[in-house]
Amino acid sequence: MLKVAQVRVLYADTDQMGVVNNVVYLRWFEIGRAEWIRMRGRTYKDIEKTGLMMPVVEAHLKYREPARYDDLIHVETETDDLRAASVKFKYELKRAFDGALLCEGWTQHACLNSEGKVVRFPDALLLMLRP
Amino acid sequence: MLKVAQVRVLYADTDQMGVVNNVVYLRWFEIGRAEWIRMRGRTYKDIEKTGLMMPVVEAHLKYREPARYDDLIHVETETDDLRAASVKFKYELKRAFDGALLCEGWTQHACLNSEGKVVRFPDALLLMLRP
Amino acid sequence: MLKVAQVRVLYADTDQMGVVNNVVYLRWFEIGRAEWIRMRGRTYKDIEKTGLMMPVVEAHLKYREPARYDDLIHVETETDDLRAASVKFKYELKRAFDGALLCEGWTQHACLNSEGKVVRFPDALLLMLRP
Amino acid sequence: MLKVAQVRVLYADTDQMGVVNNVVYLRWFEIGRAEWIRMRGRTYKDIEKTGLMMPVVEAHLKYREPARYDDLIHVETETDDLRAASVKFKYELKRAFDGALLCEGWTQHACLNSEGKVVRFPDALLLMLRP
């Protein structure tokens, strides 16, 4: 997988167990796919400007080890299972100082037009999204 | 002030200090003004459908006592300082079981049309927003 | 499944697609399991006071239809796959006015003691968590 | 003020008005003070390890112009009004590409010991926090 970003755990991300709350990781997944797309020379913002949307239709998260306040975390991302009108993004979140895997997961995305209908990826987008 | 809602503190709202994180209260302020408007027989959703928006332009929060996980909290709200194109909502958040004041504050709202220009409140809205 | 709570979609829960952002649903899952436990006569807060924690170790979400601002949503929850030291909570989120299924998913929880070691559920907890 | 960090607006930060929701800015304020402290050679994490906490006791936000999806934002921070047992952090959030001021505000912090009592800042901390 490609290391695409690093994030710093905020106090607001922790809960009273003293670790990052489970709801936070989907935010980091978003950072992962946004930066992965940016590394391919596009932005999700530009994709939306062409009238397409790629909403999350399914998500899976496996919490391996707790992330803690002020930890620096590497976000690794890759695409997978690219089809005519859907794509999966996979993620691994690793603690920077020792590389420990904290959370892994994936999100499945549909390709929708501005009316919300499922449509095929245009060729240029298909090329950009290839794993 | 008018008691308009009650909220239950989630685990996700707490931080590693064992109390509700400071960022959460602005969410509860939103609940306060939404339910205050509903009690007046309108909804903010309907107001937006008429082509108006009332974004927050200023906010103030005074944290009095910590809220804790699973606390039930009363949200009290009232309008104040209603003008031709702006209004203030005031909030008090109180712990249900003993009435202790946890947080108080206010948000200032402008009246904007769909192009984002400041406009005067229509008469019906002005009437609805009166303290 | 058991209807355990209803939530109102906040403006802060929406994103610029005009629908509830994918990260929000895990908050509603938390509400589901907290209220399910309360309906069984316990609270998660009390369970933690006995020195046990039940962190989320895995989560799955399937987004069926978008939830929108001010929607009232029913949260339905049930336990499943109860084992000596783990349990799954399943969730269905339905739009109140027509019962449309918006999101379904589950979270897997381990039983940990205060040192973070996996331990067996005490008998009383096992009984409480049975589907 | 000192430029201490830059943040990228996430999709999850926006709301259906197409701009960053008002609740998000307090997260960025936290990033501002955390990175300001890091620039002084300390971390808030280390301060907590000495048995002190600096919770937010008051906050003020003035929203000047909307931040939008994928905007890169500079976070500028400075301390102010340092007293024996309290300090204020001031923040300015500016759009990176044109320097436009998007939001300014401040947070007031008390110095508490591990029992939650207000105590005077130790000399080293007082020196570190000077504007």
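Per-chain residue numbering starts at 1, and chain names A, B, C and D are given in the order in which the chains are listed.
The rule is short, and it goes like this: contacts are C-beta pairs under 8 Å (C-beta built on N, C-alpha and C of every residue); 3 or more make two chains touch, one makes a residue touch a chain.
These numbers come from a predicted model, not from an experiment.
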| item | value |
| --- | --- |
| Shared chain contacts [chain B and chain C, defined touch] | A, D |
| Pair with more cross-chain C-beta pairs in contact, given B-D and A-D | B-D |
| Duplicate of the B-C contact set - from A-B, A-D or A-C, the pair where over half of the pairs recur | A-D |
| Between chain D and chain C, distance of the C-alpha-averaged centres to the nearest whole Å | 32 |
| Centroid distance [mean C-alpha coordinates] between chain D and chain B, Å | 23 |
| Centroid distance [mean C-alpha coordinates] between chain D and chain A, Å | 26 |
| Residues of chain D engaged with two or more neighbouring chains | 11-12, 17, 19, 22-23, 26-27, 30, 69 |
| Partner chain A, residues of chain D touching it in the complex | 8, 10-12, 26-27, 30-31, 34, 43-45, 69-70 |
| Complex interface listing, chain D residues touching chain C | 11-12, 14-19, 21-23, 69 |
| Sites on chain B touched by chain D in the complex | 17, 19, 22-23, 26-27, 30, 53, 55-63, 66, 107 |
